[in-house]
């Protein structure tokens, strides 16, 4: 191993950056970062400078020999990197606003990663990520690309299918679930085993053992629930939960309580605007804080932002890859034969042993019969959407949307598609060439 | 081989019976029926007598040595039979009325075989069919059970999984499609090859060759459509159809055009009552005709009834089984490895070579990526519903309904389930014991 | 369809040619051949002329409007052909002699298609066949290539994996088995169903129904046996046969009775030389007969040659492809999911429905547990040998031979490989470049 | 968790027992054994007493609160046990002698676990192990059964298929390989990753990473070899090894160098008698040592015995199961979908993460094409032999032996079977009832 690691953070101007910087500082002993490159595009230069200066202050305070570089030159950042992470947002929050708003206008769930909004985000994001992959293939072919960019499962699958880059998709929901269980049962995380079945933002936890005891029945029975900041809390039906065979991801409310969730979205839209607009306000406040030249650490307010544990998940993963730790983490990786009803090259979210050579997915031991169809239906949509993103083919995009379980009909799919493609024109060169 | 065949028709008092009698008369040379047993239950005695007398007159006119027996004793009819067919309706048209009506009241598709209505029909019907199978296992273990009873795919799967009876499920849609193509292209049926992919009432025709020429693109392009009498004609979106990769079954409109189909159902409900009530009126008229002692043949009006070609499909199949004809027919049989994303014991609708030992399903050569998820989602529901029918478990029934693509949420599923179970109480001993 | 068919027979100078010519004449009504091109290479010119003149006399006698062309220009023959058949022998009988002789010298089975001899034949033949495929891809991309050339299964798999040509492999053993059963039970072939499980020259017949009756147990019990002219008759052990679950191909004697078969080969070698030398003498006699200008039909003596029914199998297959007959034939085609323990792109020998679009393999209904390992072991060797043929890689060739069940050790494999490659140098440019 | 663990060692009179006792003493802190029950049968009473007294002296010296019980009452030992281990030998070394001798007499490899000898051992052992399982099912249903008894893979598969006991099969070869690599590269074991592909005594190591570096090519290239005490060292062919794609288990010499290994066996048989007889002499010497009342520890001479690391492997596994350590160990477990060409319920030898709920097998990432056939061929034999052991069916036993790759023909199989069954009559009640 060489003296230290080079990390490239694409979308380094993100408000999340202080989290990952904190992570590198805390974990320095196991993960000796020597160069940290924060990259952004011209439109993000201002935010990059603000957050980059904060990062430098944080490192300075720590006294560690980490060099922080700010750059708009992606290729320089990637060259020779050991790890590349992505936390970018093509089209910024403005594009997200329409992802949420347009479906709502037609009586359909409007959400950043789920449903038509998620598809538009995928169409914008996948070509950009594949461009980054071209650079990695050329400039740092042995680097690991850790992808945080949503929809993380689809983006990761696109990378696996259309590039040679070694990549892993990451979500904060699994680590959040572990933290929640750990707190609830006052038990360290390494004494907890939770088996995840499904795909990103569409999983069920079908085994939960805490210090060797099966806790799933009581969790299903009491309907105690782990949820995310970005998804409204709504109570599960007790009879349904008891017979479901697994604790559902909170994103599954969009599928199992569609009318209720839609009503809540419309209500919230009236009161506060879209979620994108809410987040925009939070971000603006954060950047005001970041500007403070006396601030030398991650501010508490960042936790309100919603992406809790993202940085911890990422640094954890890098540590295991770098040190061949062989611990178990829940990641987005290529299916192989784990879920035997999905294609082998589909990306799934599953427990993995993380070795120095990469993650090895663990076979799932319990897959409730009832969830297979929904997983397959959403994965079908995902694969079509990925193909549409790569080819710019409207017919395939229509097939993707028309087969999404949250889209009520072909005619609604077509209306949504036309309006959303038009609104995203600047970010979709493949569709408008 | 023995001198002649014994056929038992369970639900022999059905208005369809003259069709199958006509079929046996026409095909006598290849399929020498000696005994035809029409069986019904006490509530159907009156209809059995009317249609049974017509059957006798039809046979008499033909001059063939076929004995027609009318009986309420199912076991006597089954004993030693070579073929048993089922065309029964548990709960009669009254039960169907509620299958259609209750979902509509909650803004959900109300249909005899598709959605919540189909599930209730399955819950009523499967236990009765398994009772018939117990009799066949005991009294005519080598008999073929040809199942026409809807939902034919689910009922057939239940038989395959929960009995040892050799059974095949039959639907008139595939033969109807062949007849339609034959007429349209003025080509004999044996010069046409259509590959069916999917399950009963949820299939796509992914290859259509007429006299060796690929006609699928032009059929998709022109949106010329084969449809059934019982499903309203609505135009497919041309862009959608062109990229779908197969001609969809007309039942797929309930999935692809849900709001439009629901609107039509509500409109029709207002104007004519449920489809069950419409059918009831047609049936009453038919039985009036059947009573005429001068009637010695199937009356033309029967064709209005909706089940065109059912009898032809059945007699065709018996002929191939009896004579080892090895022709290709589209049947509901056990999947094996044909659709590799479904369980091996799932029932699918697929082309088969019909040998004397039974049908051998043909591998499908084209499965459009886009349809896999929907097939799997509906099959998931079907398997849960079958399990609910066999066990009488409300939790599993709720899982089935909540995971049906046409049911918008768990809460709607629960409401529908409670109302529908209550209404079907007399036919659901397993749920109310 | 056009006015008539163009057929190209590669290796037209073969002594088998009169058979296929007779087949075309007999089947003219269903299969209207207008042009028959017999192609050979310079070394075969003399034989081509002799057998070609006989072919012309046979056609003349029939009075049919078939044009027979003799040529050394393969591309002209292939251009615009509807069917191409191959019956060539790279290296002629001289090369076969060494295929048989060298293994025998080292105490190993020496056989034309099985074991080390079969591998050498594959190494010589596959590159030539792939060259023919290049011509077909260019000059008659819609033609069917019917491959008779041994080892037929391996050659066909190579074509399927390394070219785009539509190709089917053919062997006379299955049709011979049907003929034998038909004679034995005095029952027409279309009333017999035999299920073949395995690969070319390594199959078991696991179901035999004659007029609807299961005859397998009695055939296994009586050890009545169908065998080929080219494999010595040796009695099966009765206890073994009774529990084997299928009637073994006579080629399986090389695996199940290796020491006995080897002893017989060594004995026969001493007495008559190799089988190649025996065949050579038969062929010389045949060509003497063919020269007779009064001969206008296939001479009886051809039947001694060993390849009975080859022509009938070929013409049958062409008929079904041309006329979309949808009958069942046993062919060498791509596995798909039929044998689920082999790769999907492996070539297997299996019953197929032959449609106008090509053969559709029928799922096998009974696969005895005991035969799976041997099938897989031989298929493993085959795939390695194919790869060696295509790449000319000695390491892979060594792996192939060392893993062949008839080769006792790596050291024997290496010795055989070195001697046999050296002897075949002129025919193996890929290995010696 | 309770205060301490109860362990039952079936075959406690084995000469290996001091090893496992030493293991428990060393690992006491992680694995607090309170009761250690050594069980044997009447014939083994004498040895049990000798080795049992040594065990007591060893524990006494350690000062740990472990109670050592000696008993002939298996049920008392099993009742309430946490772990049951088996190290028994049905028929003792006398039976093994014939397992080795009879095949040699017929020119076939005679080996304890491989070939006909291994099959006879399986036929004797499996019924006894299933009897033990009946006791565990009744008396300690939550116990883990760690099976050391050879042929370990077959015995474990029999347990998995024919009982409900939670069982894992163990072999010392994988841990030996790790130790060897660790020594060779001076690297701790947890910095080494070796991927095992195959089944017990028939595996290839297809990935070897030492401190993150791929060492497989150099190991294959240099032919440096890890071997066992019980298998003669013979050099691999360099060309073969280089293209094999994995480091072969030393047991594979019986397959890849059959004539050479047979010659060595015959030579050794002449010089020293069978391996069983050699082992018998070593054992006698060991028991002489064990009798010494001053001996309070495992004597050095035990290492000559051949089963190095067995105890370490066992204690390691118990530790991980008891403490949910989630480390990676190479174990014999149920296949699932890991080797997709074998049945799901086949037992394979594969890397597993050992959790508190049991081992989860890790998907294999590299399976050389060339080894699939041999694995499948041997697994086919194994499954037939297991079925024969359970049913006592001679026909199935003949199929098993005739399909074993080391048995040259059906006739040799039959001869061996008859002689070996006869010789083992006292231990094969199912075959002689």
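The letters A, B, C and D name the chains in turn, as written, and every chain counts its residues from 1.
What we mean here is this: contacts are C-beta pairs under 8 Å (C-beta built on N, C-alpha and C of every residue); 3 or more make two chains touch, one makes a residue touch a chain.
This structure is a prediction, so every number in the text was calculated from the model and none was measured.
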Neighbouring chains shared between chain B and chain C, ordered by label: none
Residue numbers at the chain C-chain D contact, same meaning over half shared and different meaning under half, come out as same
Centroid distance [mean C-alpha coordinates] between chain C and chain A, Å: 56
So, what's the distance in Å between the C-alpha centres of chain D and chain A? 46
Where in chain B do residues touch two or more of the other chains? none
Chain-chain contacts, ordered by label, are A-B, A-D, B-C, C-D
Across the complex, what residues on chain D touch chain A? 1, 190-191, 193, 207, 209, 212, 324, 326-328, 336-338, 340, 353, 355-357, 360-363, 365
Along chain C, where are the residues that touch chain D in the complex? 236-237, 239-240, 242-244, 256-260, 341-342, 369-374, 376-381, 383-384, 394-396, 398-400, 402-403, 405, 408-414
